[in-house]
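Common to both upcoming complexes is chain A, partnered first by chain B, then by chain C.
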Partner chain A sequence: MTASAEHAGTIDIRSLTKRYGTVLAVDDVSFNVPEGSIFGLLGTNGAGKTTTFKCMLGLARPNSGTVTFGGRTLEPAMFEHIAYVPERSALYEWMSGNQHLEFYRRSYKHYDAERARKLTDLFHLDLRKRVKALSKGQQTALAVILAFSIHPKILVLDEPTSGLDPVHQRHVLDLMISESSAGTTILFSSHQIGQVERAAERIAILHNSKLVMQGDVEQLRSDEKIIEATFDSETPSLNGIESDPRVRLVTRNGRLVRAFVRNDTEGLMKLFADKQPRSLRVLDQNLEDIFLSAVGDDINAAKSWGG
Partner chain B sequence: MAAIFTVDPHTGVPIYLQLIEQVKRSVALGVLAPGERLPTVKQLATQLTINPNTVARAYRELERDGVIETSVGRGSFVSSNNAVDMSAQALSSVAGSAFDAAVREAKSMGLRRDHVHELFDQALMHWYPTDEAKEQAQ
Partner chain C sequence: MYYKELLRVRHFFVYFAGTIAAIALVCMVIPNRVLSLGAGAHPQIPFVFFLVVAGIAASILATILGTSLAAENCAHLEIAWTLPASRIAYAARVLWVDVLAIVALFAFIVLAGLAVIYAHGFGRYLVFDPDSGAEVLRFAAYPLAWFGIAQALTASMRAKAPAYAGLAWPVALALLILYEVPLSAPLHAMLRTINLVNPLVYASFASGTVTPDLLMLNAAIAAEALAGLAILGIALALAQWQRLQA
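After this line comes the complex of A and B, so read on.
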């Protein structure tokens, strides 16, 4: 026996690697999504999020690594309990919303018609229309309705709010939150960091196909700080601080030095204070700041190009 | 129950800490009375659109601090014993760290000690005017 039944919703991804020809799309990515939690996958375009999802769901074959659900590798019977909203619509263009619901009713044992009807009202969707007559946002709404209508144990949502107006975006978040309270495991990606910092308990950040940071969102907010110091000289000597394991990154702008630090801000403040700065302070970081500093190299490169 | 709490997820301050402070503030100011029921974790998470575990974490810490009590099946309530005292103490520590941050900021700008003292006296006089000062103002 591997995992007990009550942890059937746990997702575990280990050393996942996927190559397309010579392109490394996912490079040795590992993370774990506890059952009933909401996990946010962040990354710039092309970072490997969608490929990770595809490898998880058997839509792409990884070159190495494993994905398990409740300790077991994916098998056909599990699809009854897994809902996936892909980034690009997987709906049938020639079929109406009603026909999609009918298709789901026949395919899924736990399909809930009443729930589908309520969600349709919530998103003001006209089910008589064929998918090709729906806007991008309406297609997203239909995909979301279908996903939530089958009471899945695991929900994988790739940009589940793209094209939706802010009210409907909030509906999707509220659905995710109440679904996770009921025990559903949710893994989602979004470029809207505001959504991730509201809904997600844990996050992972992918950058250039690699996992560059992961953790508990509240813990990251507590731990990740910026120490900002101004010095009297243009080239202050920080001997050693830059290579301190608690310091992730140091940026210098003449007399201004910023250190992106993790944990033990107080201890590092003392080290900085010893260097006799003219001023010294600690800045909080929100998730967007943390994300940008985690993928920082590209941002700085873009800025130097922009002049 | 109307949403009496608000959170700003887009700051660097963890949401559970924002919630804890607001509950304590509400209890200390009497907005929440001892014995009053709090929304359930799920209700509050949905009301504020935040992760349920974040709310659960805030409730756990509030319980540990003696501000609220939770009984299985009945929900969470403002503690009848010493919730108000506990919350008042907590507010004093919130005010304390605000002072600390302000003084640290002043120091980081290179202000001298007596100058900071002067600023503090000015603020004190503004918000806690003495009877003399009030008379003078009239």
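After this line comes the complex of A and C, so read on.
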């Protein structure tokens, strides 16, 4: 077995850049999605997530950079094992759910009718209805059913829970986790950070078309602690804490000050305690903290690594 | 692999064929005494009449189906381009099924017309020209030429495609009329050249020659020209489709 066959589900994106006219949609983005992992792509609106997906799948032509799947550049036959759920429905509005399933059955060798039936039951979808008669959430559910029914090795999901109710959102996440445990590589985007936190093992964060952070979720969480202090004064004086090399970022929100600390949390706690805050505590970072600090809350950002 | 395409054209085909079938049925039940075949002891029903009607009706369908690639481009590329098939193969499948539907409708209309004639016992009045075979090819190729032109115009478009495909008809008519207007020689020559790709030029009702002032062609050459337009249009559409990637 060759190396590429062993890791057919690995996605490797290198120096991907895409311009639409003068607009830079994706700027030199590189990341790697290991086989069988769940990888979350986070970013604000217009950050370049969908464009990245489109470039990956050949729906848009990148200006530079490469994308490989298991070490191979994309070719049509590989779509036998790659499924894509786009953010905006691409279903045929004049076709019914049943007709879509039949279309996929005839198009994909590994289409699993039994699985499609079970998923249809799970999402309570009436397949007799035409797509134009389905709600946005139902259309998303149908797209998800189609994607999972072909037993893909790679699943690319752009906002896969968009329009779904919380119960069905949970179903999609459970499906992703279950599919990943069976070896499927999953790359997905979502604005719902809680979902990404629950499902993704690794993340990349795009901001203003650039990759601003990536890594293992647990590692990123443990990389930094947050010291949160509440002061009596609206503008507490921090006297040098903001420029302390152990502190990556300090955010202020009225009386609340949060410092993102890389190391020596105890030493910095003492510095904060000297400022006599009303309350002081150390928090573990959650993904939302990581995301917000990565995309740079310009109002609150006081300092970031490397200027 | 043709499933979705067959479903797509079925909708249009059923609508058109159903309308034609209904008209044919109505014509069949009209009593003979109400029908007039003109004065004289030897009334004539030219076979080419049915070809013209079928050609025009099929051309309407052809114009509608002529935006099929644009419709894919407008909203379905995320499905169409992530199927395990080459893009050209996919587009060729779309176009092939469209062509089949257009030809099938053409044949259906001709047969429906003949059925009406024979149902009334007027079959003996049918007049076949010596070049009826070439006329069949000419009027079968006529809607395909419109199809090719519509595809070539719209393959890389999105929502505006139907409007552009529809505009091809009045523009073609205007070009033909302009040619008849006294204009300067260079302009006249230019219009003559442009009209070479105008399907209307090749669809004169008269058998044997096609718009004599413009082109001296017989039905066989007109059929070849129309088929050429269809092939050229389809080739241009496929080339656009291949380069469509944003």
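Methods note: the second predicted complex is superposed on the first by the 239 of 307 C-alpha atoms of A that agree within 3 Å, B and C clash if a C-alpha of one lies under 4 Å from a C-alpha of the other, contacts with A are read in each partner's own complex, and residues count from 1 in each chain.
Just so we're on the same page, contacts are C-beta pairs under 8 Å (C-beta built on N, C-alpha and C of every residue); 3 or more make two chains touch, one makes a residue touch a chain.
All values reported here derive from a predicted model rather than from experimental measurement.
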Judging by the criteria at the top, classify the pair chain B and chain C on chain A as clash or fit.
-> fit
Which holds for A:194: it touches chain B only (first), chain C only (second), both, or neither?
-> first
Draw lines from the C-alpha centre of chain A to the C-alpha centres of chain B and chain C: what angle do they form, to the nearest 10°?
-> 150
A:106 contacts which: chain B (first), chain C (second), both, neither?
-> second
If you take every C-alpha pair with one atom in chain B and one in chain C, what is the shortest distance in Å after superposing?
-> 27
Write out the stretch or stretches of chain A touching chain B in their complex.
-> 37-38, 170, 173-174, 177-178, 180-181, 194, 197-201, 217-219, 221-222, 225, 278-281, 283-289
Which part of chain C faces chain A closely enough to touch in the complex?
-> 1, 3-4, 7-8, 11, 75-79, 81-87, 245-246
Taking the complex as given, what residues does chain B use to touch chain A?
-> 9-17, 41-42, 45-46, 49-54, 57, 104-105, 108-110
What residues on chain A touch chain C, complex-wise?
-> 20, 54, 57-61, 76-80, 82-84, 86, 88, 90-92, 94-95, 99, 102-103, 106-109
